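Right after this note come the structures.
Two complexes follow with chain A in common, the first pairing it with chain B and the second with chain C.
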Partner chain A sequence: MGGRSSLARDCLIAIVAFLVLAALPYFFPSRGFSDFIVRLAAFGIFATSLNILVGYSGMESFGHGLYFGLGCYTFALIMQRFGVPIPVAFLLTIAVSVVVALAVGAICVNLSEIYFAFLTLAFQMLLHSLIIAWTPITGGDTGLTGGIPRPAFLGIRLDDYYHLYLFSAGLLVVCLLAMHHIVQSPFGYTLRMIRDNASRAPFLGVSVFRLRLMSYVIAGAFGAVGGIIMSLFVSGAFPDFAYWTISGEAIFMIMLGGITVFLGPIVGTAIFLLLNDVVTKLTHHYGIFLGAVILLFALGFRKGVLDFIADRWRDRRQSALTAESRTGTGSAGQEAKSAAAGE
Partner chain B sequence: MDLPALAECLISPSCIVTQTTSGLIIGLLLFMVAAGVSLIFGVLKVVNFAHGSFYMLGAYFAYTAYQVTGSYTAAVLAGGIGVAIFGLLFERLLIARVYGSPVLMQILVCYGVILILDDVVKLVWGADFLSFGMPETFQALPFLFAGGVIPVFYLFLIIVTLIIAALLGLLITRTRYGKIVRAAAVNPTMVSALGINTGVVYASVFVLGGLLAGLAGGLAAPVRSLTAGMGLSVVIESFIVTVIGGMGSVAGALVGSLLIGLVRSFGSIGFPLFTEGLMFLMMVIVLVLKPSGLFGKEGR
Partner chain C sequence: MLKIENLSKSFGGVAATNDVSVNFPKGSLSAVIGPNGAGKTTFFNLITGAFKPDAGRILLDGEDIAGLSPPEIVRRGIGRAFQIARIFPTMTVREAILCAVQAHTRQHTVMARRFPLAETEDRAAHVMNLVGLTPKAHALSRNLSHGDQKLLDIALALVLEPRVLLLDEPTAGMGPEERWAMIDTVHRMWEQERMTLIFIEHDMSIVFKIAQRITVLSYGRVLAEGTPEEIRRHPEVIKAYLGDEFEAAHA
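And now, the complex of A and B:
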């Protein structure tokens, strides 16, 4: 857990992952493939940020799409109206989403889980109705069209598709690294404690409200990064990005991939996007098919892909250890068992 | 923002009458959906995110029944009974399997069902807006009251929904069934220990919720345009209502719905772009001042 060496290891993995992603277009030159990675970056960061709430903090938000839509619109609006450099717009967007998350979070985070779920949804729909209503600013139903300017910065020219690809892949890797560092920090472990026993935490001097709010704000800020990538990808912003289905999809993504493993949401996002592409190609009745898959998953499997793998790995390790402890090394077995049960 | 228009409306009796009537209609129809959401939550501890789809199905069932029979009564009943049956199937086949699961799993099931139903509606009834048309009985001259115009159909809607609300109130507070439902909300284990089949109670609450939402859909059909996805705004408003009124309280649902209805109808004059925002503002104020809702008993 934590520690400098594991951070160094994470950084190394991140660098390798980025180099692999950067090289992939040379092996798979099709536009469809690189589009897939850019979308994976946008939705993957978004889904992982939702999992900070769901998986690590036990806060089951049904309105996380608020931050995706907010990031998308704020970034596109700033770029279109003020012509500032991209990093400035990026930081401003994050700042806006932090402020919004502080306000919404202050109202919602201490509610019971069902209230939390649908109040977050309600706030997302508030944003959606504002977008639809304020046509002069947001473009209403048709969305923000007309493209967004992409001035070059630090030698990065986002109007070049490969640069956009690298930028998205880089953000994906950096955000995952940052989020992993956060959930592995003492802060992240305190969140897990609150998730598992919120009434005990105050006795240990932990302010549940403050930690939940921090977790909510962090998740919102990263969610907005997903929205920023999306707005760069589609060169604009559309009301659909703030619609409740985005939140539903994100929940499905993280459940599909697994909420107990850090990379679960990324795997879930990849599966979901593939499924999405296949279904839209095969049929017009997208809803029926996707709905059926969701029901099959929710009523049948109930666990994400990486949850299954992690469970089997844990079982195997545990049975190996119990066998070992029977042959004499009892204390080591106990230790590993409690470690396995802890995560 | 158009405050002068709102002020002008508030000093003109005719405008007050017109807006109050339309506010009552919005509120009472919303009540029928919200009461179901509130009951289902109160008894089963499940938030039925698909309840708006029940309302939508009610409207479409009524549409088809009206096309076939030409009778508005038959249409409304078809909406109510059809959705009651659907509610039973939905509970038995899907929701019963996720009792006690994490909220997210329940949400996922509802999300899947909403996706499927919206698509099925598009498949069966087409993707365009459908218009029910005003039944002939109600194509009479509107009433005039203090200079305000009240269409006959509006008066009919107000009376019918008030009767349904009263019946529901009696059912919950005065009958043996109501007693069982209220008891199951507090302590289902004890209820089943007393020899009452709680599974049947749970299913019946879904049937009741479905019946109400279906009737609401059928009743509303002549004054709303029918479209796939019409349920979503209703279900979100229902949640706002249950937050304002207090979860599990029928009286709270009524008061909350009427508040929302009036805010919507008067808000559309004063704050045309921010009507939805006003509802959220009300919800936030209630949440901050009285977190359990106006009629809620326990904290959360």
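And now, the complex of A and C:
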């Protein structure tokens, strides 16, 4: 009621999306395809969580890979060492990420843009150094190898590949649903206020620090879920997952797909992974090609794919509304407006 | 209502506000005037908590609010609009005002429900109506005219149901016609909402037409305080600020 979309509608879309994802392997039986979806789930959740910061809160974190790496390593370590049920390890991993995000966030979130960007990056590199140095626990630069145990829970057997696929697709859908709900909540709109004008918000009674910290912790927790999926996918954890390039890739993804539309980062992740898969098959000079594509987006479109489409759509709707108010169609105009707002 | 006692603030040895004491009675409409650099905006910044005073007290209904943070002061009932409209560019007028309403009702961190909260809609509609922005409810804030952006800024402050509202040059940068329309809106809103309103203004014809009381600041000090009639005849004010022509024109 009244909003752009209701939770009930979102849930319906989520269920349909999950059913479609679940059916896809029957039509595209290749392992490459299902691998793609699992990676899309891991990186898509991760990129979307970064966009809570960049797109909705105006906090350009360069170190979001901290939570991807942390999620990956924490989950793999808990599973290898303690043999607890997967849901327990999952929740413990989220808890660890929340604690770390609270500590790092408390230090970083009130810094001005460039300092925030680089301090978050510094914390990520701290984790990376820790992983490399603390060989007895983390396996150093060879990573956590030897696989992770996957005891069945609730009838889900993650050592079965289709089960892992469904589990990842399910997490993707659930996390997107949850994050969409958060950014459409009163809290999400307060984040937009802070993004738009952080110096005005306090004069309306908003504590900018508190809201930014909440946003940072939420993004960190979801970022860790991406790491958990990756750890299950590769059956371990590797230092690259905590390296700064992971953060850079997530920024590429949201730039490609768009930051003003909720699903932008997912579209960007798909484009990025496809580019990655196709280009690495064709050439070793992957970086040059990717760089050229990024330049095209940055200089050509000046925005991500979905941003571009959304702007076009908004312009059209705006001119339709203006025309309406000029002709002065009272109730008919109102109905059209409600319909446009998805009520 | 709002009583300022011996308020002082210096920036690197320059006294921007120097031992200022003023009393704004409940429900009054007061103007703060003075030449550029007189410390008018600093005075507002001190009252709203943007700056912490070096000395002095700011009593709101007897409670000293000097040194509290902006959100704490807002919650005690002092709202503020800015000289250059400070708005939320990517939000529509309606969204921005709804956001301000939910911040005011302490529901701005709610995550379990969807925006906008049904119980905030009435207040938002009331405020949009009060400042005349209802026809532009669905316009993006950044696409509004300069005058409408200032109205939106004021509307955001009004949402908080302020007991005291501070307006920093509500007519700055406007043409003559727009200017009087704005002043009419401000005056109407002051009458309807029965609040204490203090505004900074450079246009003396506006000040002398609507203000009940005028405070004149000069070099951070209170040069004079009183009714428009008293200020108009105040020798020091004429000398320092209004000029002889003004006296002749208004004699």
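What we mean here is this: the second predicted complex is superposed on the first by the 323 of 343 C-alpha atoms of A that agree within 3 Å, B and C clash if a C-alpha of one lies under 4 Å from a C-alpha of the other, contacts with A are read in each partner's own complex, and residues count from 1 in each chain.
Everything that follows uses one rule, which is that contacts are C-beta pairs under 8 Å (C-beta built on N, C-alpha and C of every residue); 3 or more make two chains touch, one makes a residue touch a chain.
From a predicted model like this one, the values you see are computed outputs, not experimental measurements.
Annotation for the three-chain superposition on chain A: chain B and chain C fit side by side.
Seen from the CA centre of chain A, the centres of chain B and chain C span an angle of about 80°, rounded to a multiple of 10. Residue contacts after overlaying the shared chain place A:184 against chain C, while chain B stays out of touching range. By the document's definition of touching, neither partner reaches A:303: not chain B, not chain C. Once the two complexes are overlaid on the shared chain, A:163 sits clear of chain B and of chain C alike.
Contact with chain C, but none with chain B, is seen for A:202 once the two complexes are overlaid on the shared chain. In the superposed pair of complexes, A:193 makes contact with chain C only, with no contact to chain B.
When the shared chain is aligned, chain B comes close enough to touch A:107, but chain C does not. Contact with chain C, but none with chain B, is seen for A:211 once the two complexes are overlaid on the shared chain.
Between chain B and chain C, the shortest distance over C-alpha atoms in the superposed arrangement works out to 13 Å.
Of all residues in chain A, those touching chain B in their complex are 54, 60, 62, 107, 111-115, 117-119, 121-123, 125-126, 129-130, 133-134, 244, 248, 251-252, 255, 285-288, 290-295, 297-299, 302. For chain A in complex with chain C, the residues that touch the partner chain are 1-3, 6-7, 181-182, 184-190, 192-193, 195-197, 199-207, 210-211, 214, 321, 325, 337. Of all residues in chain C, those touching chain A in their complex are 48, 69-71, 74-75, 79-80, 82, 86-91, 95-96, 98-100, 102-104, 106-118, 121, 135, 138, 156-157, 159-160. Considering their complex, residues 41, 45, 47, 49, 94, 97-98, 101-105, 107-109, 111-116, 118-120, 122-123, 232-233, 236, 239-240, 243, 273-274, 276-277, 280, 283-284, 287-288, 291, 300 of chain B touch chain A.
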